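In the two assemblies presented below, chain A is common to both, partnered first by chain B and then by chain C.
Take a look at the complex of A and B:
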């Protein structure tokens, strides 16, 4: 029995090592790309481009459910974006708070019948459209509750431009974020079907009038952990995945899409979380099945700031939702692409990596940990092996974190102080003592929710962007 | 299960080593950046009065003097960053003055040397600066650099510098041909880059319309957008039947925007197979207020596409009393989209009631309301809503 437990425990450890090794490979691709990114971000003329009428117009879609606290600041920041031609479409998804009311009051909007909304994609019933000619590029769609995906689809139905951008109502875009993505799109408009922006944690930053004025690290524990986690996922992971055209997700918080292709794949899938991953997998499938040249890309210099959950309850709810969404996507789409040659990198690498090392990871990790605990309780003679393995895993994970910090330092330098580095380093190490395990557990609980057919979004509490300031 | 403790220790050493190296690099970059920042601040402080002098003398007739003391390489870089930033913001005589100052400071020479550097980053930085400084001497080297460059994003940075420094349209034309060679449908970016040039590109854009490469035709059509001209109709007409959507659509838009189309031609544009052209036609008539095309909008209101119908109805409401009357007629008729016409009338009246502040607008509103009542009678509900 002891041998079996030890054997399985070591297998689980090798499993984690394999994940880290694949991730290390992906980070190497990110390093390969970073000098190109640095050059193009430093020497591209964003100022002149943001005043040019040669830039394609974009419809920004903002799904809003109970967002009365943050929506005005968010809309103001979107209206003030440095972009030649864009429209902002806020879609109120049957909020139970006064989301529509605050918008009507703030922008003096008038009601119109929703006849101008096309029915390209089916959505829940639209009650009305609000508009004020003094804000010619702002539209508010009021519809019955149907979920985030349904709201995005309603926004697509109203949108008038060929590019759409999905933005969370609790996120803030940097004023040149959209133009940076547009620059990338304009280089190969036939190929880019989706481009994701870089999501950064706003907790701790000084925010004025919807603009991040002073970038600082979060003061609280959970946002700080999420910051190092996001840095690893976005800079370490997505730059690399994007370079091999294997990106499986464009964050729902900020991404730009070709509307024609989104419509061709039937729009966003409703009724379940993970619609941001779902749309990307559907786009990959569609383009590969039709032999169309395409690329799903990541634009790390286009920044969107988001408020990270700062309580275990909200974070747990978010992570369970992500776990549920991931599982649903793998069952619904991923299994058809798994190891199929026609899906190229997606079929050979991204989907297998996702299924084996993301979706199934809670099972291997939890059972592996239990096996090692069981083994340790029976016999401590193998402690040295366990300790060395654990140390390798921690060091490997930390190395990946430091790799991402190095990418940040080379190209972006948002956290210039030396003590910022040490703080991030400490939190990267501390993650292995509780936070990572909790993340795995939340994902596992998300799977249980999936099998119990739970479809609700769980706890989602929005805080104003200046919450940190108020509490300080 | 395989496990070699000795090998595991080696892995630990390697990982720890890599971590140390990476951490040292991060700290090194931070320290270097901090030092550079301090040094830059010091230079800026030392030359504060000089930069004030530059700002104050931008509109003066005399040229700007260089600082008395010779600048070190680092100081040159700081001056360059500051001056290039200003050049980017300014235009006309002020920009020329700063460019002359860059020359007098030896920055052109400095960058021409850097253009030959072995490091791509340095060459790219030099190309960027020489572009901003409109250095004509750099064009041949920049062209060579462009042709040798990888087909990545950085080629567009070099191309922009070529457009900025070009002294003849032929140089811009060559650059356009090179960028369009791969037919990546990025004609909007190519036009944006070409238009960085101070030269008149009307003739080169026209000549591109006759090129066999469809990408070049798109560049030509898109580049001419701001200079629509009815004399171009004969060159544009063949493109209306192109199989390429972008060519067809941009050619049609150019013909509409030229304002020289006959009523029959405009009706054809309102029946065009691409909805974007029909939308553009409807919007253009509303914006320009050309009343002779009112019938075209009547056709547009009955379009199968609701957006085209709405846009046409809106444009009709912008064509004065006669347009508004036609809209009312369409609303009471049994033709397609009568409801859209009716809604647009209500929206127009609502908007003009909410926004009337001048006497002219009040009079206009009452005239429109009286036309409305001729067709629909007195609508107390509508008046209350307003």
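Take a look at the complex of A and C:
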């Protein structure tokens, strides 16, 4: 019995070690890619591009559910983006607060019957369209509640441009974020089907008039952990995944898509969270099945700032949602691509990695931990091996964290102070004592929700960016 | 540009002048070229209060520029001139005076209180007359009193335009986004506005729309200087009543000649 427990425990340890090793490989790709990114961004003239005739127009879709606190500031900053031609489509998803009302008041919008909205993708009933010719590129769609995916689909139905961009109503884009993605898109317009932006944590930053003026690290524990986590996922992970065209997700907070392909794969899937990962997997599948050359890319210099949850309750609910969405996506799409040669890097690497090391990780990790605890209770003699394994695990993880921070310092330098670097480093190490374990637990609870067919969206409490300004 | 003539005096009197402007009450203003410290300023204050106890008066000084500013509550240009004679005597006797004295009053000398102080300070800094001379400030006194407001998020453009046009004798105010632009416009009432369309906080179109619908003041001509090269933008800005449209990269000479033409139309 003892041997079995130890054996399983050690197997779980190797499992974790393998995750880290794969991640290490991905980070190496990120490093390889970063010099290319640096060169192409420093020598691009974004200012003149932002007024050029040759940049494709973009429809920005902003699904809004109970966003009356932040929506005005958000729309203002979207309208003022430095971009030659874009329209902002706010889709009110049957909010119970006055989201539509505050928009109508602020922009003096007029009601129109939704006759101009095409029916490309089926959505919940659209109640009306609001518009004011003084703001010719702002549209507000008011529809009945149908979820975020449904709102995005309604936005697609109204949009008039070939590119669409999905943006969370609680996020803020940097003024040149869109033009930076467009620059990348224009390199190979026939190949790029989706490009994701870099999501950064705005907690602790000073925000004025919808613009992040003073970048600072968050003061609170949870946002700080998420900052380190995001940096690792986005810079360390997604740059590398993108360079091998194995990116499985473009963050729902900010991404740009080819509208024709999104429509071809049937638009966003409703009913479940994780629609941002779902659309990317569907795009991969569609393009590979039809033998079309394509790329799903990550554009790290296009920045979107978002407010990270700062309480355990909200963060937990977000992570459970992610866990539920991830499981659904793997059951619905992932398993059809698992280890199938037709799906190339997606089939051989991305999907297997996600199923084995992301979706199933709670089971291996939790049972592994239990086995080790059980073993330790029966016999203490193996503690040295366990300690060595744990240390290797933490050191490996820290190394990956440092790698991501180096990428940040090489290419972006948003946190230039030495003190900030060490603060991030400390939190990278601290992550292994509590935060990681919580993340695993939340994902597991998300799976339980999935099997209990829970459909509610959980709590997501918005705080106004203005409030943040006051407290900062 | 405020930073350039960022005299302490302007900051000290800012709220007072805002008040006079809003309530449309008169005030006298004396700016003297003199080197004295806080203690010596107190002396001047005590001296003047003894001589003219009736008048409400505020003193401020700027040691780095070597300036003294005096604000007289509810006084005309005549009285301010009379008052400045005493000030001159005191400054001269104590050896503080290092140049000329400039006297003005709101609203006689200028309809914009803050702009008046601003112009007075820049005038005395740029052309300091002979020691002891008392000049009356008149808006027409300046060869080119035209002030320009330029709004652009690109600091380099602001720097370039500011240095060029300041050198040419204009007063240049700057703002980096639409909201700040509106604030600067309301404060300085420039003769001409140059703006980018790509602006944060308040977009270019909203900024233009806003300043054209400010009540009480006739809007200054607006010139667009932008990265935007789309025909729709050109069309739309002219529909908004903008006077001219220049795209980047731009030539300063061209910008100046277009500006001069617009300003001539304003003056005629």
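The rule is short, and it goes like this: the second predicted complex is superposed on the first by the 466 of 472 C-alpha atoms of A that agree within 3 Å, B and C clash if a C-alpha of one lies under 4 Å from a C-alpha of the other, contacts with A are read in each partner's own complex, and residues count from 1 in each chain.
In this text, a residue touches a chain if its C-beta (ideal position, glycine included) is under 8 Å from a C-beta of that chain, and two chains touch if they have at least 3 such contacts.
Not measured: the values here are computed from a predicted model.
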item: Contacts of A:396 with chain B and chain C, given as first, second, both or neither; value: first
item: Touched partner set for A:209, first chain B, second chain C, both or neither; value: second
item: Which superposed partner A:379 touches (first chain B, second chain C, both, neither); value: neither
item: Which of chain B and chain C A:10 touches, first, second, both or neither; value: first
item: Contacts of A:289 with chain B and chain C, given as first, second, both or neither; value: neither
item: Partner chain(s) touched by A:260 [first = chain B, second = chain C, both, neither]; value: neither
item: Which superposed partner A:85 touches (first chain B, second chain C, both, neither); value: second
item: Contacts of A:77 with chain B and chain C, given as first, second, both or neither; value: second
item: Contacts of A:39 with chain B and chain C, given as first, second, both or neither; value: first
item: Touch count on chain A, higher of chain B and chain C; value: B
item: Overlap of chain C and chain B interfaces on chain A (superposed complexes); value: 47-48, 52-53
item: Complex contacts: residues of chain C adjacent to chain A; value: 153-154, 177-179, 197-203, 206, 209, 226-230, 232-233, 236, 247-249
item: Residue ranges of chain A in contact with chain C within the complex; value: 47-48, 50-53, 76-77, 79-80, 82-85, 134, 136, 175, 208-211
item: Touching residues (chain side chain B, partner chain A) in the complex; value: 1, 3, 5, 8-9, 11-12, 15-16, 18-19, 22-23, 25-27, 29-31, 33-34, 88, 120-121, 124-125, 128, 152-154, 156-157, 160, 184-186, 188-189, 191-192, 195-196, 222, 225-226, 306-307, 310, 339-340, 343, 347, 350-351, 354-355
item: Parts of chain A lying in touch with chain B, wherever the complex brings them together; value: 6-7, 10-11, 35-36, 38-40, 42-45, 47-49, 52-56, 110, 112-113, 115-116, 118, 133, 160, 183-184, 186-191, 384-385, 388-389, 391-392, 395-396, 398-399, 402-403, 405-406, 409-410, 413, 416-418, 421, 425
